[in-house]
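The structures come next, written out as structure tokens.
Here chain A shows up in two complexes: once beside chain B, once beside chain C.
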Partner chain A sequence: MKHPQAYLKAGAAFICLVLGWWLWQGAEAVQQASSLAGPAAHYVSNAARETGAANIVAAILFDYRGYDTLGEATVIFTTVTGIAMLFARSKYRKSSTGLSFIVKRGLSFIVPFIIMYAAGIVLTGHLTPGGGFQGGAVFATSTILFCIVYGSNFEASRIHPKAKEFTESAGAVLFTVTGLVGLVLGAGFLANASAGFPTGEAGHFLSGGTIPILNIAVGLKVGAGLSTIFYSMVKFLEVKVVAPVEGDET
Partner chain B sequence: MIRLSYATAIMLFCIGLYTLMIKRNLFKTVIGLSLMEAAVLFLIITSGYIPGGNPPLLPLEGTSVNPLPQAFTLTAIVIGASDIALALAFIIKLHRRYGTVDLDKIRGLKG
Partner chain C sequence: MSTVLYGFFCVFLILTALVASEIEDILSSVISLSINGVLLAILFVILQAPDVALTQAVINSGLVTSLFLVAYSQTEKQDLRRGDDKK
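Take a look at the complex of A and B:
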């Protein structure tokens, strides 16, 4: 019984090494680009004029390829729906009462700053590295900290799960409506400057046309979505695990 | 230097693949999956590097690195995170059903 396992391991290691060598040959053959070419060159030289955003990655993400980002937001939505559905039938039970008094007091000082940090990342996503996805993830950490430090009961009583669902849907609706405005104005779905949105001057806070709006929409969506995912799993873990079922399903 | 970066990505990918193939614990399988994902993101980011490039932020001095792979990576990170969250949710469900996360002990999945 011992030997087949060893052979299996050796075989897997061999396959991995061969694959790694093969990939390495490919990586060696890649020509190192010395200057920008293709669409990237256009984006870098024209992003400020066409979108008004100082962060070129944000300009690509929310303007040139905004449709991709909508699809990406749909992926999060699908995941949240799937996880919420998987854990829908588990009943909520209060179990943890949280950590000690010192941690609770300490967290209550920190949380406003975490939320401020998240808001800063979302609102300046068109100027500096950051944006809706990153800021939303930072925002979700604050609710996760609530869950851990004060106990999930507190978190559920302060931030109702329905409120999170509503926030997430609001983010999705805001994103889609912003896109539809461009469609109504005859410039195409998720059009920015061509639909007449004021792009402002690159580097200023009020610039970028639809990009800050879409950042806020994605921030709402990601923050609420990640928070819902965590809450669903924690809620499930607090249910007493039943004995393993030897079911009759095959 | 750029070769070191490629080599790190490939090594990480192979370690993840080995974990995925050998480990029978489902949590370790998911760890392997996330390692492979990180390696792929690393490779994409590395491919956009331009010697002497600056971050793609205005005002720009000199040449900038390719911003397109960075935008793609942002997409891929979110999808990977969703992926892993869903996988972990299924593992929790499996643990509830069978009382174990070992693939060998889960009845009907022995191969």
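Take a look at the complex of A and C:
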């Protein structure tokens, strides 16, 4: 009985080594590549002129491949809806009181800077690395810190769960309406410069046409969505912790 | 210099991945996965992909770890130990 498992493990290790060697060769090839081919060459040479965005990654995500980004946002929306529906039937009973006074005061000094950092990532997504998805995730991290340090009751009293759901839906609607404006202007869904949006000058804050708007939409959506997921799970957790204690007493 | 640093991070990435998949304790596994995410983010910076590195750092080290910890603390501990399967 032992020998087949040993062969299986040896085979798995061999496959891992071969795949790792392949990946290493690929990374070496990418580092030594001297010229670009296909769409990559077009993007690198024309993205700043065609879209007005200095960050080529943002230009590809929100202009050339805007439809794919809408699909990704829909995936997150579906996930959040499913998780919120799954945990909606558990009743909210008791919240933790949070950590000690020192941690609470310390967090209250840090959180404004975290929120400013997140807003900076979202608003300058077309100039520097970052964008709506990353900034929204940092927003969600700040609400998760509130949940852990102050207790989820405090967090829910400051930002109501309904407000989060509204914010997420508002992000989705903003993204779709921005795409529909391009369609109405006769250039196609999620069209940017070809629909007549002013692209500005690459490197300026007001540039990139629809890219900053879509960044804000995705930031709203991801931030509200991820914090809704965490709040739903924590709410469920605190019910589960209370329940066995009641069962032991009776 | 860059290749040495690259290889160093790659070796540690493999080590943390092995620890995350093979260790018995699930809490240690989750923490090891978080360290794996941080190392991967540093590697992305070395490979000049700051956008992906930012996503990796925030999502894998912050959000996924906290979600895993919440899921860990609300499930039954005994059923998830890998040692129980082998008995």
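Please note the rule applied: the second predicted complex is superposed on the first by the 205 of 250 C-alpha atoms of A that agree within 3 Å, B and C clash if a C-alpha of one lies under 4 Å from a C-alpha of the other, contacts with A are read in each partner's own complex, and residues count from 1 in each chain.
Here, a residue touches a chain if its C-beta (ideal position, glycine included) is under 8 Å from a C-beta of that chain, and two chains touch if they have at least 3 such contacts.
Bear in mind the structure is a predicted one, so any value in this text is a computation, not a measurement.
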item: Chain B versus chain C as contact partner of A:F87, first or second or both or neither; value: first
item: Partner chain(s) touched by A:I229 [first = chain B, second = chain C, both, neither]; value: both
item: Touching partner for A:F133 - first (chain B), second (chain C), both, neither; value: both
item: Touched partner set for A:I76, first chain B, second chain C, both or neither; value: first
item: First, second, both or neither for A:V57, with chain B first and chain C second; value: both
item: Chain B versus chain C as contact partner of A:S207, first or second or both or neither; value: neither
item: Dominant toucher of chain A (residue count), chain B or chain C; value: B
item: Chain B versus chain C as contact partner of A:N215, first or second or both or neither; value: neither
item: Doubly contacted residues of chain A, that is, touched by chain B and again by chain C; value: 20, 24, 27, 30, 55, 57, 129, 131, 133, 229, 233, 236-237, 241
item: Interface residues, chain B side, partner chain A - complex; value: 2-3, 6-7, 10-11, 13-15, 17-18, 21-22, 43, 47-48, 50-51, 55-60, 63-64, 66-68, 70-71, 74-75, 77-79, 82-83, 85-86, 88-90, 92-93, 95-100, 107-108
item: Chain C partner contacts - residues on chain A that touch it in the complex; value: 20, 24, 27, 30-31, 55, 57-58, 121, 129-131, 133-134, 137-138, 140-141, 144, 148, 226, 229-230, 233-234, 236-237, 240-241
item: Sites on chain C touched by chain A in the complex; value: 10, 14, 47, 50-51, 53-55, 58-59, 62-63, 66-67, 70-71, 73-74
item: Residues on chain A engaged by chain B in the complex (per definition of touch); value: 8-9, 12-13, 15-17, 19-20, 23-24, 27-28, 30, 32-36, 39-40, 43-44, 47-48, 54-57, 60-61, 65, 68-69, 72, 75-76, 78-79, 82-83, 86-87, 128-129, 131, 133, 202-203, 222, 229, 232-233, 236-237, 241-247, 250
